[in-house]
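In what follows, a single structure is set out as structure tokens and then discussed.
Each chain gets a letter, A, B, C and D, in the order it is written, and its residues are counted from 1.
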Amino acid sequence: MTAQIERDLAAPADTGLAARYQQVRSTTLDLCRTLGAEDQVIQSMPDVSPTKWHLAHTTWFFEEFILAAHSPGYQRFHRGYAYLFNSYYNGIGRMHPRAQRGLLSRPTVTEINAYRAYVDEHMTDLLGDSGCADALRSLILLGTHHEQQHQELLLMDIKHVFSINPLLPAYHEAAPRQPGEARPLAFIEGETGVVETGCTDAGFCFDNERPRHRSYLQPHALADRLVTNGEYLAFIQDGGYRQPELWLSDGWSTVQQLCWTRPLYWNETLDGEFTLAGLQPLDPAAPVCHVSYYEADAYARWANARLPTETEWERLALRHGCDPNDGNFQDDGHLHPQPASGAAPAQLLGDVWEWTSSAYSGYPGYRPPQGAIGEYNGKFMCNQMVLRGGACVTPRDHIRASYRNFFYPDARWPFTGIRLARDTT
Amino acid sequence: MTAQIERDLAAPADTGLAARYQQVRSTTLDLCRTLGAEDQVIQSMPDVSPTKWHLAHTTWFFEEFILAAHSPGYQRFHRGYAYLFNSYYNGIGRMHPRAQRGLLSRPTVTEINAYRAYVDEHMTDLLGDSGCADALRSLILLGTHHEQQHQELLLMDIKHVFSINPLLPAYHEAAPRQPGEARPLAFIEGETGVVETGCTDAGFCFDNERPRHRSYLQPHALADRLVTNGEYLAFIQDGGYRQPELWLSDGWSTVQQLCWTRPLYWNETLDGEFTLAGLQPLDPAAPVCHVSYYEADAYARWANARLPTETEWERLALRHGCDPNDGNFQDDGHLHPQPASGAAPAQLLGDVWEWTSSAYSGYPGYRPPQGAIGEYNGKFMCNQMVLRGGACVTPRDHIRASYRNFFYPDARWPFTGIRLARDTT
Amino acid sequence: MTAQIERDLAAPADTGLAARYQQVRSTTLDLCRTLGAEDQVIQSMPDVSPTKWHLAHTTWFFEEFILAAHSPGYQRFHRGYAYLFNSYYNGIGRMHPRAQRGLLSRPTVTEINAYRAYVDEHMTDLLGDSGCADALRSLILLGTHHEQQHQELLLMDIKHVFSINPLLPAYHEAAPRQPGEARPLAFIEGETGVVETGCTDAGFCFDNERPRHRSYLQPHALADRLVTNGEYLAFIQDGGYRQPELWLSDGWSTVQQLCWTRPLYWNETLDGEFTLAGLQPLDPAAPVCHVSYYEADAYARWANARLPTETEWERLALRHGCDPNDGNFQDDGHLHPQPASGAAPAQLLGDVWEWTSSAYSGYPGYRPPQGAIGEYNGKFMCNQMVLRGGACVTPRDHIRASYRNFFYPDARWPFTGIRLARDTT
Amino acid sequence: MTAQIERDLAAPADTGLAARYQQVRSTTLDLCRTLGAEDQVIQSMPDVSPTKWHLAHTTWFFEEFILAAHSPGYQRFHRGYAYLFNSYYNGIGRMHPRAQRGLLSRPTVTEINAYRAYVDEHMTDLLGDSGCADALRSLILLGTHHEQQHQELLLMDIKHVFSINPLLPAYHEAAPRQPGEARPLAFIEGETGVVETGCTDAGFCFDNERPRHRSYLQPHALADRLVTNGEYLAFIQDGGYRQPELWLSDGWSTVQQLCWTRPLYWNETLDGEFTLAGLQPLDPAAPVCHVSYYEADAYARWANARLPTETEWERLALRHGCDPNDGNFQDDGHLHPQPASGAAPAQLLGDVWEWTSSAYSGYPGYRPPQGAIGEYNGKFMCNQMVLRGGACVTPRDHIRASYRNFFYPDARWPFTGIRLARDTT
């Protein structure tokens, strides 16, 4: 355990950590309550992982980085699992190819649940041990945030799995929503000049949020809410998907090649969208969701606006309270974005991840932690775009203003949406 | 029901049909006894179908061609199933893409078993009805043979599914086999001149075995047993997979592209093979299995021989008793080819399907039945090769001397093997 | 030189051989008269080879199999050419990948013509040498037939090259054709019972036409002319390309995947076709050309007929005179199929290659010649269909009744057409 | 012509423009002097365009944006050329697919040269016209810079074309170079705090260099010369291509998939590289060239350094004279990078394009020009990385400190190299 990791991960690894561990682990299982064994096997595209793979991989993370590394005498549950459930840590060893995760019927769900119980038992012992060092506690805290990320992935993935089944199964039942009207869109003036962003060390954050550093902002303003389904529908009806001049070159190629004509889960008649509660009527007031960066960028151009930079977004979030309690998160059980309400003035946290115009790269002075754990975030700093704010499938206590999510610009299966920005003078 | 189908299918649709129906249907379920729900979902390659798809498709065959067509007032179990479980009958309507069968978690295994029970109940009523016409009984008999074909496919497919899992699960337990020595290979002189082959109308046969017709045979001889693992190993060790001059041009391209160096399920050290009982030591006396046509053809060239034509094979089978009781079939429970024994003089039936040098095409005068059922066999008469004799995963009462199986020349996941032939003068 | 090749190739290698060599070689160059250097470089799809590759490969054939092997002291023109211009003879050594033939600007056309002149000079010396053995003369004769095959390929290939250029260049000028009306279609009864086909040893033939052998024919009849554009248009207008029940399964997949709606070179309005003389009005009386086996088979099914077997075709050709002088060949300069006329009673030779329902395989007792030359025909005996009769781009003295051409069933760039057949009783 | 374009393009459109036009146009033809017609047809990969396509496309640019738009009564040379030679301007209309540029033998080189002469004649008239407005002169100036970009592309592309030919042809002859030793590497401290970068309006620049704007720089230093072949060889010999921990995730996938083990044009024995003068011995003192962003990034990580940002690079260039006369450019005729010399203190301009760690995006406040010309740069602002400094194939009067080139991170056929950077303090 290096000083570097200690510094990076040091955080509220106090008495609450054991409770947090239990809570996160049991929440993951709760999310599978409505799923049959068959549901947990499917990989509907290479980006998607089977539910049972998420259950096992998050467990392997604790086994590999905590128990096997720091718990003397620990016996691994199964010697084949490191190969099967390592995601992308080359520093650990070879791994089962990502695109083939859906070809494995064994271990079964039952066997994986036994694996979870086994690791939980050993983790509980370790967490109860007063000798558990701070650095190790930081690593365990990281493991819980890692599992929360996979809770969101699990929901994104099962939504995609169900969406391609002609029977259109529902993951859960949802209270009927009343279509309303969105409040008028306004712009909030941002700061100009030298600003600071990045992790403030007030709590947990990932390595990619560090170091806190300075940037220079030009005069600009950001929208005070997300773009709605109704607004996006107007873009479609204005021929947005048929006008190359609105699109980035790579975006237009993608539109042509994949025959995109609407957001991922909208139906052909543009009046319904597939949700985790099955096919539902499209609510014009709710934020548009499941659009790629290319679509967000084209929409913004059509609307005579642009997307915000991640610095602009973070500074606005800091000024506007940024209280996760105001947002629509996994804990609320909607699992679907909700119209902007009075509660959260700028709808910055929750609902949908917001595409920024910032390519994902390391902050000035960024260094990944040493060892395999350094592969967590750093090696993805190319070809992806930063998203901010968390979504309705993100756990509430997992988000913060400095949080940087990232996806390739053609990704549409995350819960992604659009906030507009503008240059001002 | 046309006269054409009646003529094609007319057969022992007597009192035994109901019993046969019950037996075939329950055997299919028996084959799934050792499988978990997860196992029944996987499609390990486009050629493979998930177990639960086989369970549903064979049921749909009865529902579509018998109950919905001939049972007035019959209510389909689920209106989405015709789309999901139609395999390739364009005459019926559109169908779920074959390569995506493994992306469906729903309907679950439990739901599909309810579907089977529902259709069985209606079929039992129909079979008990004295008014059930002969033509309809013929069609039901066809349905049972169709299901027996899928029993074999189910076993081929689950073998492939398990084989690509790094945990190498076993489908069943097998009694330990004692490696022995194969009896010396001898050649049996065949008939010369005008001969007759094809369905003799003594029992059920498929449309592609008709009409019985004449061909002209040149002087030739066929091997009196199958090529063994030991013999095939010598071919490999002699550099068989590295000498282009032994291969058909398309075969050599395939070897290069897919990096073939041994039969599908052999291990890298050439001393074990993956079986339905897991990884087992390679028995040099047992027939080589899971080779493509290209490999069979290259082996024959290496051995200064050739593959038999289907006419040569069928005539030999007719002369050599051709009693399925002598062969190693699904019913025997080995589910793996066995060394040639004294029992079956020429090892013609059972163990492995034998590649012939005959391209699969219609016999002179062949006409497929009218309607969608005509798509059963006829539309595949291009680019495939005929195989004869049945395999250790074929039900015993499903085979006969005139039976024509067919696969693309690069197929290796069926239980396929090699019999040599020679020109004589 | 083995006795086997001698026997296979022995033929009229008399004093006329030198003249034939000169004539074939100069005809090849004549065919390039209208082409610029740029035209001779293009490979419009993997199946197509650049003109200059044909010029070099046919020359290499003489250099490799005659001069280097049988002419002591011969110095190769360039040591890199064996790699560049070997087509598929693994027995000779490694070769430049086929699909990359169009990526080579060097050697230039001028350099390749110098190569041709160099080899011609040495070949002329050899042919003038009275000591030139019969076996060698047979091999030279084979080389001239090989070059004639490439003359046809050169024309097929340049037609494809020009067809995909939006400027639609013409290879030559053609006299305007007057659209006429086809004579009514009649059927000619074929022979029944045991018949003989294959090479009669009266002149040159390829190894795949041997040995002469017996087959058994059932009662049948063959059409007395080719299917016309007008007839094929009726098939299209009747929805032929939209009815899966008319197609082989692999054919239907191909139609769907490649979006076929008409023969390869027809325009979208179905009233013109691209020819070597550029875009021309479609003549309803002329034979349909550039259809795949799948289309030929589907058309026949639509017309309540079938395609002939190669044995049926050859026996009819033998009975109907089979004089190449009656047919429309390369020598006539049309380079496009012409309507059936009185001259050739059954339009059997010339115009278009006729798809048969026979898969290409070795005749009973077939053995390829030993050595690399054995790769000429034998290794392609899988997955291809036999075509008979020669086409308007075939040299007249290159064809005979026993000639077996072969292509994959989806090939459309050869000059391929349709003759119907029927079972009779 | 909008005020926007005027503002963007306004520049030294004085009396020198006609001379510049002539010079650029004739230089392009000079670059083709050593090429045969066959050489000018080849497209060796989708990224590469045939030489004759470059000759025609640059001409079309003047025809489309100047003559057809602003020269009343101008008759286009050929009505099919707008389709064939439009590269990517959707605003103009549909275009021939990029990947098929190498499938066109017509128009021939001769025809394209006639096209060039025709357009040159009309352009000369227009340039001589005293009424030619400033905005139009700016557009013509843009056209000359556009053609200079294609001069570089033409050289990059023909190098690739020749490199895949087993005969390894040379484009030109080069004086023999004496392998030397590189001077020791030192680091130059950069500026810290708020800085300005972007076009200074002192001369021509592209729209993507505007507007001039502020950024904030952290303490850092940049290497005082490029990374050499010798240094890169040490990286290879240390197993650089086999250690995933050195690579970005996308980079490692690319290495695995494309089997990269060395820079694009190095030979297998790592002692020679293919150049425009054919295969030459590798000079350890010369800058490494033809590496992708992934390789540049991995090398920097291995060297305990990083790549510079584009702002860091530009500020250093401004401080260090930045005189193109010091650099090795196309005009010098080497067409290959040269070892760092005393002449150019930091080797910032010429030799190779230097990968920066900056993703290519619009500067704050960036707006593309209106109309089709706005597609020139703006629509590519995603997924690509910025490169700075120009290369040995770039015309000397085409470069400046603010010039932003951009390529996808896996591109290796441009003349790309590596400069190291470091965080300080």
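As a working rule, a contact is a pair of C-beta atoms (placed from the backbone, for glycine too) under 8 Å apart; a residue touches a chain by one contact, two chains touch by 3 or more.
These numbers were taken from a predicted model, which means no experiment stands behind them.
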Touching both chain A and chain B (chains): none
Reference chain B; chain at largest CA-centroid distance: D
Chain centre separation in whole Å, for chain C relative to chain B (CA means): 37
Chain centre separation in whole Å, for chain C relative to chain A (CA means): 60
Chain-level touch network, classified as line, ring, star, complete or other: ring
Residues on chain C engaged by chain B in the complex (per definition of touch): 88, 90-91, 194, 213-216, 218, 244-245, 247-252, 293-294, 297, 357, 359, 361, 364-365, 374-375, 379-383, 409, 423
Chain B to chain A touching residues, read off their complex: 36-42, 44, 52, 80, 83-84, 96, 100, 102-109, 161, 164-167, 169
